[in-house]
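A short worksheet on the structure shown next.
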């Protein structure tokens, strides 16, 4: 997994602390804080967030160790190899497997158990420039299920000093003084990377415009592994808006890491999967084909991944939207041809692209999928703040 | 109180978990979770919210037992007979008395005492489709005064996926994965019941449009009992907007459960109490009369319950509003004729229907009434999450 | 410091509880609560916020004493001489020094240490009638870093019952029932004082329109003392919008308390420092002069305090704004003439009045200044809730 440490943004995250390192001696804790990118995954470093005294931190580490000795797998204090969660490309197969193992541990944590306190004392700032109740609540629940605390801005774009013309970088430099980790949603592609390059604390990208939404990609793969028990050699049908849905694009990318996967693209003409992903899959030796026959694909696939046709992308072209929207619906008929072990997934929210009568079928996995977002985010918060 | 358990929505809350029960074995904790409607009022069940292991839960129960042994009355773990708080009609007189007893215990809880931790580890989601700072803060304060945590959406209507066309049911199925109880405010009458029929966790109706606002009704009755020391044989004057105020309607409904109560309706012609309530009271043998003379009513009543004339209901008819608004004001003169033991109540906010110089009089109970909302909500959260 | 106790609003805060004292015996805890203005700084009193029983409170005090015996300097329980934080004028030099000492203690608090729990069980309500993410997050982080909890309203003006026409006083009387301290931001000058005159719990002014923003003033002085190691005999250049910036006005006011301070005003013609402050400084024997030469001032000053030209104050006069805005920029050239020990400060947010290439210089203190806001607010919350 060492390779994971050598990503470009990892390098940039080192350069980012230089200005701080130059800071005048006045603030020793500031100085230590500026180092946190290198140290923070170890319990010691993080404990110094408000302290200039090493002895304190050590005693603090013992306190933690004690408080969780019933859950030895937690807080072993080994550095997590990623500084920030910015894009699906960060994750190699080993890292995915390791993160999924932690997510499984998270599923087992019960209320008021030692595990439920492993992030006690840590503060997460949810900096949302674009409202997204689902994603925000999922992250905040994850933090609180682990005993951590949350600072919320539901509409940073309108409320924050951004309205007065402050740069994202300046906002980050201020917020990093208030919290231990930043979860950011932004309307501009690349904003998360800019934030991470500035911050001396971890940044998680909760979606940056048309760009990336890596935690969604992770929870999708985790759900497939959870539902089917495997990822190798599976057949996945991606259905609906494949042109605009960043979810399906990231998913296709991550699936390419597993051998013998076959992907089917089923979408209306106007929102077909773009060539970059097709070419990428081919280059990785991943089999894929386009199909106009949902029933046939559903009958052969292990996963039918349905997505919402996003009206907002059609603008004035209402007819195109209505035509695209009605084309591929997952209903009882589709269920009828699906295999017993197969599952239906959807990133949610859904309109009518999956009919409500499908919900009761055990193969309807989309609400379990949403719940898995909780465990994946718990795992990532735990790994970024206290390490393995 | 067994009867209370046989309400229709209680039945529906059983049917609601069927789809989950059918869910494939993959997720044992999901399965247990889906059962929580039957078990959750016992401490064990709830402790399994993230667990598949019975032994854990038992140990957890002991931990809780220990942590509160100084306050034996808490968490005795007996099931609360209600699954959700949806409408005033749910409460028979015995249930009211029992809830009020718990509310009295809540008043005695001090900061950092064992009692202040009985909801530690529990997560409440406040899903507000319509902003209501007063009600939201009251619920969130109640949860935090008991050591619980909160996920907030101040404006779900605009921010949540509802904007993208997601159904309330889908939103609930997602949010129930993040929290242990949902407090919902909605603009549509009946929305709370729909949410409860979907959710596998308790739902509290914090007001659904013109529909119900049961916790307000409870705190009103609790305040009368608290202020007068009794509910039997009291005389209550309902003043102001009786046509649109759901508060006075629910209050009249609940008062009918106590013997020898007499109710006076004092309101402008345009916003008179509707016939359904009058007929209901008559059918229950509750004496009532309409009066145009506030002074006379005030001189005989134990409770003068003033309400705000709601401008928003008059639309263009500004004159009607102004006329209705000025008609019945509670001022020093009204105070002058009231009995020494009588009290003035108001659901708040108030405009000028009670003059400010009345506030200093001991009989002005409306701010104590607001504070009682805290204790009633603490009691309900405690009962729904950990039982008697 | 006794003098500090004899402020006019302190007197008013006594009169404010009279109505409550008259309250009927029904609610003993209410009665005690109403006294809290006099007692609350002692640990006992506050512990009664939900209790009517003295013996409880005593035991509670012991619990607290125990819980912090590793940090003896905390919670010694001596009354803080201020009831509310409303305006810079409240602070004499001794009080400032004492608050700064506590702020230094706050810098040393580490995660999960006893100090990080001194406000456990306390609830802060952030009542923001005007959004200000930076200030709100800073206060909420301060409360949570000390183990306290928060109730948030990001946009009270639009959401709260204020929209229905409720007076600020009524809102305060309701909110004081839910929380232990209120942090308020309002659009009207004087609103904080009105709130404090109503509330029986402490109120902190987080900015009231063109009025005051006392915690900003405190963190500015704290930062100077932190960066230079002294406040006596320093030379401070106030640059930019001196007419509208309440920050620089409060700063000038507080600096006048220290001997041999010299202040330079450097601003465009249209936004010059107003005469009231100039006259005040002269009356206090503080040397000051106006200058149009930023370079010369920068070369002699210990502190260059730059501010943003506030477009919103210029309305239609876009040309005036553009002219004013471009006039005095702090850049590498300015840095070049500044002394090695001098620092650049800015209340933030900044636009381009400080060029980004300045950030890396150790003398750029503005992000450390923002961080200091955390420690000052931690100190104030601690002092108002549990005393020295």
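Letters A, B and C name the chains as they come in the text, with residue numbers starting at 1 for each one.
In this section, a contact is a pair of C-beta atoms (placed from the backbone, for glycine too) under 8 Å apart; a residue touches a chain by one contact, two chains touch by 3 or more.
Since the structure is predicted, the reported quantities are computational estimates derived from the model, not experimental observations.
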{"item": "If a chain touches chain B and chain C alike, it appears here", "value": "A"}
{"item": "Same vs different contact residues, chain A with chain B, by half of numbers used", "value": "different"}
{"item": "Approximate Å spacing (C-alpha centroids) for the pair chain A, chain B", "value": "37"}
{"item": "Junction residues of chain B, two or more chains touched", "value": "152, 154-155"}
{"item": "Residues of chain C that touch chain B when the two form their complex", "value": "18-19, 22-24, 26-27, 29-30, 46-53, 56-57, 60, 63-64, 120-123, 125, 149, 151-156, 158-161, 164-166, 169-171, 173-175, 177-179"}
{"item": "In the complex, chain B residues that touch chain C", "value": "106-113, 116, 131-134, 137-138, 140-141, 144-145, 152, 154-155, 226-227, 308, 348-351, 356, 359-363, 367-368, 370-371, 374"}
